[in-house]
Amino acid sequence: MYSVCVRDHFMIAHSFRGAVFGPAQRLHGATYVVDVEFRRPALDDDGIVVDIGRATDTLKGVLAGLNFQNLDEVPAFSGRNTTTEFLARVIFDRMCEAIGRGELGAGAGGIESARVTLHESHVAWAAYEGPVTR
Amino acid sequence: MYSVCVRDHFMIAHSFRGAVFGPAQRLHGATYVVDVEFRRPALDDDGIVVDIGRATDTLKGVLAGLNFQNLDEVPAFSGRNTTTEFLARVIFDRMCEAIGRGELGAGAGGIESARVTLHESHVAWAAYEGPVTR
Amino acid sequence: MYSVCVRDHFMIAHSFRGAVFGPAQRLHGATYVVDVEFRRPALDDDGIVVDIGRATDTLKGVLAGLNFQNLDEVPAFSGRNTTTEFLARVIFDRMCEAIGRGELGAGAGGIESARVTLHESHVAWAAYEGPVTR
Amino acid sequence: MYSVCVRDHFMIAHSFRGAVFGPAQRLHGATYVVDVEFRRPALDDDGIVVDIGRATDTLKGVLAGLNFQNLDEVPAFSGRNTTTEFLARVIFDRMCEAIGRGELGAGAGGIESARVTLHESHVAWAAYEGPVTR
Amino acid sequence: MYSVCVRDHFMIAHSFRGAVFGPAQRLHGATYVVDVEFRRPALDDDGIVVDIGRATDTLKGVLAGLNFQNLDEVPAFSGRNTTTEFLARVIFDRMCEAIGRGELGAGAGGIESARVTLHESHVAWAAYEGPVTR
Amino acid sequence: MYSVCVRDHFMIAHSFRGAVFGPAQRLHGATYVVDVEFRRPALDDDGIVVDIGRATDTLKGVLAGLNFQNLDEVPAFSGRNTTTEFLARVIFDRMCEAIGRGELGAGAGGIESARVTLHESHVAWAAYEGPVTR
């Protein structure tokens, strides 16, 4: 299995609901450094998993939909805790949609699965991985 | 599959037995930077894999049982080489026991597997991963 | 010159005022990974720059005064942009105050200068350094 | 499953053919920081996955066959784009050959699979993983 | 003294002349991860050292003048070894020129000095620092 | 001012004397990842600060004198606490001696100062810097 991974970041405000979150129930924020890994069993005719330039641009576009926002006020997340693991899934789903729209090029059709990792500090990260649905 | 990972470290002395270890047969030591990744297929009602605060505290407790010790004198490791990969398994087993005792909370019941990685330097690490047994 | 440095982090929400900040004028947030370096020309009688345990605890206490807050609502920062470089200075000043109160121990009297670095992402950081005033 | 991973690096020149590569069609170069992870379900009698010293030496030998070269002039790569993911596979195959020749020692016979990761910058990496064929 | 630092990277081919370089006399290449630190004694009216967005864009522009090139064929470097330390100075000088042209904004007039660091691998880096000349 | 820095590591056992060290008074150990930075105001005729190959070899030789040892039994350190900052100075002095013996080559005569940093974990490091005495 081959993989290619690209990295970018975004910065948001949010708060959590539930006693388990302790002081994180207050409005605070985070920088998330995001890694998106694309996986496929064979390379395409150019010898690549995915066009790394397009992958980087697509990730930047997906993160632009979240960056510099207060997630508590984003309708799509109403009633949900925007935890690191939850956001990893959101970005995974949006990357799959972008692949489905052809943003990563025709060659990206061979991508079978992906993994999205969000680093929230030097001592904690979360991830979501699964098959790429189109 | 969702993951959450927390990081801490511990510092120990030990020596190895066996020609394969060369100069590491002498009494020396290591800092191990430890990552524990918890995995489950769905988030709990709070939108998390595990309470990251409890996970961090539990890891700290497990490492406290090893930290600042000469592992050559720890009865539990008698006759064993406390290699990085061996210690990854020890910490994996002790984290599973802590989950079994409920230290990570009721929500942690959904954790299916885990991976423990020990970084021994900037150029080498070892890991153990497997299903979480209770 | 000898140095010792300890690391911790905190997570906050804030917004900026001024066209230069572009989309960062909206309420957003950040994780800051903080390094505090202490400098002195000679070691104390124990052979250290500072008690690393006390330094870590003192830094944790200083960061607890900022962690999980919306800095826009903190009276001490009223009318100020809480930029990364501004916050580096705030933490520098509060560490100096802690040294002045003796929180780092008597041996810390030999510390001449310090440097506080805040990493806001994998591609940007800011710092403040200067003599330790008491 | 147990893992052990060692790291080294190499520096090469190359160019790519295909419009997808944009300016990377020009002769340029890269530093690749290489991680090779070895996996096996049980430790050997010494308590290790692989002799980390031998693994490091074998990796160094494999990378010496690529280091400080213009890959456009290497006959083995004629007509191929030496992308990061392609090179990950090349190194994987050469490590398998070295295991087959016994360079990692008799104990390495238990290694079932491996993963080779090439970091080409702080924001991109590629990998190849698979069963170790002998 | 305050600092702000931004990071980017570029990838080039080159060769060196001189027995001291050993195998690096052959045509090879490198990825350089570049940190540019700006220093000034006081913050501007917005509370910043430099507009981090402009600093990032300016650095990207400077690196675009080097990226994906064979430095052996760049007239400006004729007869020079384009070592990591030499390139750190080149980037330092070009950043100073950009500041002089006003690319970092009027507020950047307060920047007194800078440091440019080029990471060539996980085990080696070089830097050039000095006063910002205009 | 130009800098070049190389990295390596060593692994030792030791214990500390003094109540300030708490549990670190017990025999334990550490991995130290070591950075040695060499500084000079102008490059030599080859365009370098120091021959990076020689610098790496010299550092490896200096660390070989400490690696895989119990520092409590090293006569040179009798009666001293081998703290991270103390060891940074030891390595600094030994690197200066190696420069004095000509191990880094004739060109290294231009090196004015150096900085030795020892990373003992992901959250703590110590350093010693000063003029290179011969």
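Here the chain labels run A, B, C, D, E and F in written order, and each chain numbers its own residues starting at 1.
We adopt the following convention: a contact is a pair of C-beta atoms (placed from the backbone, for glycine too) under 8 Å apart; a residue touches a chain by one contact, two chains touch by 3 or more.
Treat the numbers as computed from the prediction; the structure is a model and nothing was measured.
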>> Please tell me whether the contact surfaces of subunit A and subunit D are same or different in residue numbering, using the over-half criterion.
In response: different
>> Centre to centre, using CA atoms, which chain is the farthest one from subunit F?
In response: A
> Centre to centre, by mean C-alpha position, how many angstrom separate subunit D and subunit E?
Replying inline: 30
> Where the centres are mean C-alpha positions, what is the separation of subunit B from subunit D, in Å?
Replying inline: 27
> Which residue numbers or ranges of subunit A touch two or more of the other chains?
Replying inline: 7, 122-123
> For the complex, which residues does subunit A have touching subunit D?
Replying inline: 1-8, 43, 46-49, 51-53, 56, 105, 107
>> Under the definition above, what is the set of subunit D residues touching subunit E in their complex?
In response: 7, 9, 11-14, 23-24, 26-33, 67-70, 120-123
> In their complex, what parts of subunit C are in touch with subunit E?
Replying inline: 16, 18, 20-22, 80-86, 88-89, 117, 122-130
